[in-house]
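What follows are several structures.
One chain, subunit A, links the two complexes that follow: it is found with subunit B in the first and with subunit C in the second.
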Partner chain A sequence: MRPPIRQSMAWLHAWIGAVAGWILYFIFITGAATCFSVEIDRWMQPERPLVSQNVSQAQLLEAGFRRLGERAPNARIWVVSVSSNRDPSRLQVLWREGEASGNSRSLTKTELLDAGGNPIAYRKTYGGQLLYRMHYQLHYIPVVEARWIVGVCTFLLLIGAITGVIIHRRIFRDFFTLRFGKGRRTWIDVHNVLAVFTLPFQLMIAYSGLLFFAYIYLFPIVTIAYGSGDSSVRQFLNDLSTRPVVAGPAVDAAVRVSLPQIVAETNRLWGAGQVRYVEITDPGRPSERVAVSRQRDGPFRASEILVFDAVGSVMGRYDGPSSTPRLINDIVLGLHEAQFANPPLRWMYFISGVSVAFSIAAGLFIFFGKLQSISFRSFPIQQLNIGIVAGLPISIAIYFWSNRIIPIDLEQRQAWEANSIFVTWMLTLTFALMRSADKAMQNLLWAASVAFGLLPVINALTTQRHLGITLLRPDWTLAGFDLTMLAIGAAFAFAAVVTARSEAQEAG
Partner chain B sequence: MRSSNARVQLYFRAFVGFIGGYGCATVASALLTMFFPVERVDSVLSALMIAVALYVLCVFWAFIATSAVWAWLGLLLPTCAAAALLFLF
Partner chain C sequence: MSPALIATFLLCYTGLALFAASMNRHRDAAGLVKINRFGDYLLKAGGVLLITLSMRASAQFGWVIGIVQWLGSVTLAGLALTVILSIWPRAAFVLAVVVLSILLVVWAV
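Right after this comes the complex of A and B.
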């Protein structure tokens, strides 16, 4: 005796939405923001200089080597990192004193430098990288548990998307149906249009997202092949690692080659401007090893690596995945992260991610609307939903506000920037619970519009990186951020007006 | 409103699909890729990639199976068979 297929698919679809909806909404909003995490980093560190076009990568690398030579001549590991395709003037150096193989993060020091190699004193912030990390390991929750929660929800998304397609009777005709002012019918149409439009994206993103930690979620497979325990997982990751294993004799100090010369040799082999970072182990000593990693311009997640010894001869290399499964794995993960994407493609990822988030939001609105009238007559559950869904964008806008407002010398200011997201979210939730559903929606949409729209103004009042300066340079990364905030503010205002009119139409 | 019998069916099939499906997908993929002539890391990667898709199919199987018992057996039997084969090799 089997329940009718459409009924069981609809039941499953609704249950999955209820269980995983809010978390998936959070994942897609923070994930979409991650498309621009590097750009957000720059905006949140306004002390960094404006973009300058005429500094070559070789010059930046040389400035980095010089700075490390002055600042940390006795360190065991040096790293000079540039990121030409996203942020042409970025120059970061890291170094670690003490044992080269130690794992302690606190021994690693880092600085951001300008084009001349001088350190920039910038405010402590997690920047866009916080949104990236929260997207797969949430916040406040221990990392392992958080990744499991995200993994389960991602799998539920896969099931949910497919059940959605199955229950959708007239999927092609309905794709062109978007009726306004019909209350629940409108929300269903919005949900369907956005979900169908982004269906391939959803399937790709969810499947590839699962692969990142699949070896944890599907641990029996690793156990069957490698045995149980932490050491077997480490062995698996080691086998997967693309780090060239280099061992070799120390060389005669008299024929040493300088780091700029190694960069020149790399440019000869790869072309100019292809370096992503240079990692030097035991700098200045006979056992020096220089690993150069290449920029990513294709979907392979792991980039090519060349390892030089102190006399400048190549002694190890990684040229790309060495087997078909690793090739496929690299491509699939690379498609998820889209590190290689040029600006138009990056915007497409962003728009797709936000569309999926809105589709989930519409679904949640439908679900809780039904639930409110059936089960929760005395508890404002639809307002709870509105507070959570509308509250997240407001909270992210406040995260950017907090970067400009929290005092620069406050201890742990970056933790407080992160806290501001969740404090705001709690406040919007509480606010929504106290209002009627319609009013809560209106008020929060307008609040979001103001929060995003005023951001460029706050920027102008607190820094020297506002539109008046960045449009004149032009520094399109910084100007683009402010302009995008204005556009998002306008979009929320439009949404507020449309929903108000829709409700009036429905009531009248 | 849905009858309580139908509701029990749905909960049961969901449980079977998600729990039984996990076992079936992981063990069956591990078995499948054991016979690929590749390095261990590659067979694990392949198994992981296949297992995700297989798990999705198992969940749908649990709802499509013609009876609740068949939903359960359809996942349990392959799991046991694959586990036995893996144990033998």
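Right after this comes the complex of A and C.
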């Protein structure tokens, strides 16, 4: 007879999983994919040039300034953005005509440039950033409501993790225990092992995740000083942002310094290759201000900023968080986003995220297996679960397929790429509902294997960025994407074979 | 993949393998000799020592990144050990011994 606390915690754990499980699974899969969102962006814009080793950051910045000088000489704000450590050849320029302090995003135009400063005509796509956005505000649902749903589910994850530890009686004895071929017991072992080892990760990622929208969930943070409504939230966020405000006298135009000289001065102070972006307010005018932002090398999200005036003297600096609450905010959110992470650490985040997702999937499988045998005699609820859980990876693979297959000049093609995820998901769901549980699992695992495994082939048939070219260069970002797709396809094939074998064992 | 990160991961793996070796369930699965209670504590202490050394290895990244890298290494080393233990129990321990000797040689040299 279980002690009452274990019983109530077990009930809570199971029903939290039932309520929040599918959404948390979606959040962790898209979140894990977000670890490589910049790399996915590059793969989904195959018109961008292959990586070139010899272009320095100073050359890229200069090319960007030149292009802005030609294209938008009268703009109020110029931004040249490079992101050296993860995407060495990326060069993006943005400009805004009209009022410098205006808020309308539609006034901002942007272009991607190659190393020579020429604009690249690339297909419209949301890229990896769609997976990032869906990770915290889902899709098709109004933004604030979606963030509430994600926040509540994240909080439920924390409760689920803690209740899981409470009910796991033999947590140390079963620490390394993973028995294959035992049906339900195997699924429980998988659920336990994956969840226990990733406990520090889960606690960190869920807690830090909640902090992003704490000002929504704990709304008195904003309303007490700013009142309620959208404009008050915007004002609050504006005041929070760490732009150093520098006002100063206008300078005599005769002694103005050029932008490349400012970059040289920055390289002298910070070292070469440290620039993240350069933002120029009122370019070419006496009141010009140049703000240079530094690459981040630690979890601190706020990067150092140097502000120059038109004659190249440093007017202001921002060296890091100015108060302890800001520092804590930076570290906690920085740990979640892992922008600072080098490739091995990034892969660790990815594997941990996928492991949590699989742990949740195993838990859902156990729960719905039990539920199917107790109630729901006529409705195939385990198949519903299988369709949802196995369907999501297939849908993401089809998202990548759609990037290659949807015609480039189709109006709103990026919206259709996004739609393809959910259309596929509905199809896998419907398919699974019509099959037996075992067959549904088998078929969907094989479908996932094919969807991922054939992606490099589709890539080769539709672009000039396939493995034959990217391995020779070598362009490891693009080649790595294709190789990872092959590896995921192989993993799903392995899973399908193992599942078939253990089912044959149980039946025979 | 810096040497420090590899060292952290391998030290975590061998430390956790020592913990596993102190459990009867896994010793029996690997066909190892039985040990008494003192041996049990000895193996656990060895495991603690190696995990501590792995913390030291990751400390050279600075303490913020070091903690993140260490936690990631423990997580992945644990998952790897568990999977290998459930498929080839003996190989998991043999691997631990081999890795430990390589680490000792590299450290001495």
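Going forward, the second predicted complex is superposed on the first by the 487 of 508 C-alpha atoms of A that agree within 3 Å, B and C clash if a C-alpha of one lies under 4 Å from a C-alpha of the other, contacts with A are read in each partner's own complex, and residues count from 1 in each chain.
Rule of thumb we're sticking to: a contact is a pair of C-beta atoms (placed from the backbone, for glycine too) under 8 Å apart; a residue touches a chain by one contact, two chains touch by 3 or more.
Note that the structure is predicted; figures quoted are calculated from it, not measured.
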Looking at the overlay, what does A:385 touch: subunit B (first), subunit C (second), both, or neither?
neither
Classify the contacts of A:37 with the two partner chains as first (subunit B alone), second (subunit C alone), both, or neither.
neither
Check whether A:477 is in contact with subunit B, with subunit C, with both or with neither, and answer first, second, both or neither.
neither
Touching partner for A:402 - first (subunit B), second (subunit C), both, neither:
neither
Mind working out whether A:420 is in touch with subunit B, subunit C, both or neither, as first, second, both or neither?
neither
Who does A:221 touch here: subunit B (first), subunit C (second), both, or neither?
first
Is subunit A touched at more residues by subunit B or by subunit C?
B
If you look only at subunit C, which of its residues touch subunit A in the complex?
1-2, 5, 16, 19-20, 23, 25-26, 62, 64-65, 68-69, 71-76, 78-79, 81-83, 85-87
Listed in rising order, subunit A residues that touch subunit B in their complex are 1-3, 5, 7-9, 11-12, 15, 155, 158-159, 162, 207, 210-211, 214-215, 218, 220-222, 224-226, 236, 239-240, 323-326, 328-329, 332
State the interface residues of subunit B toward subunit A in the complex, per the touch definition above.
2, 6, 9-10, 13-14, 25-27, 29-30, 38-49, 51-53, 55-56, 59-60, 63-68, 86
Using the touch rule from the top, collect the residues of subunit A that touch subunit C in their complex.
173, 175-180, 193-194, 197-198, 200-201, 204, 298-299, 331, 335, 340-341, 344-345, 348-349, 351-352, 355
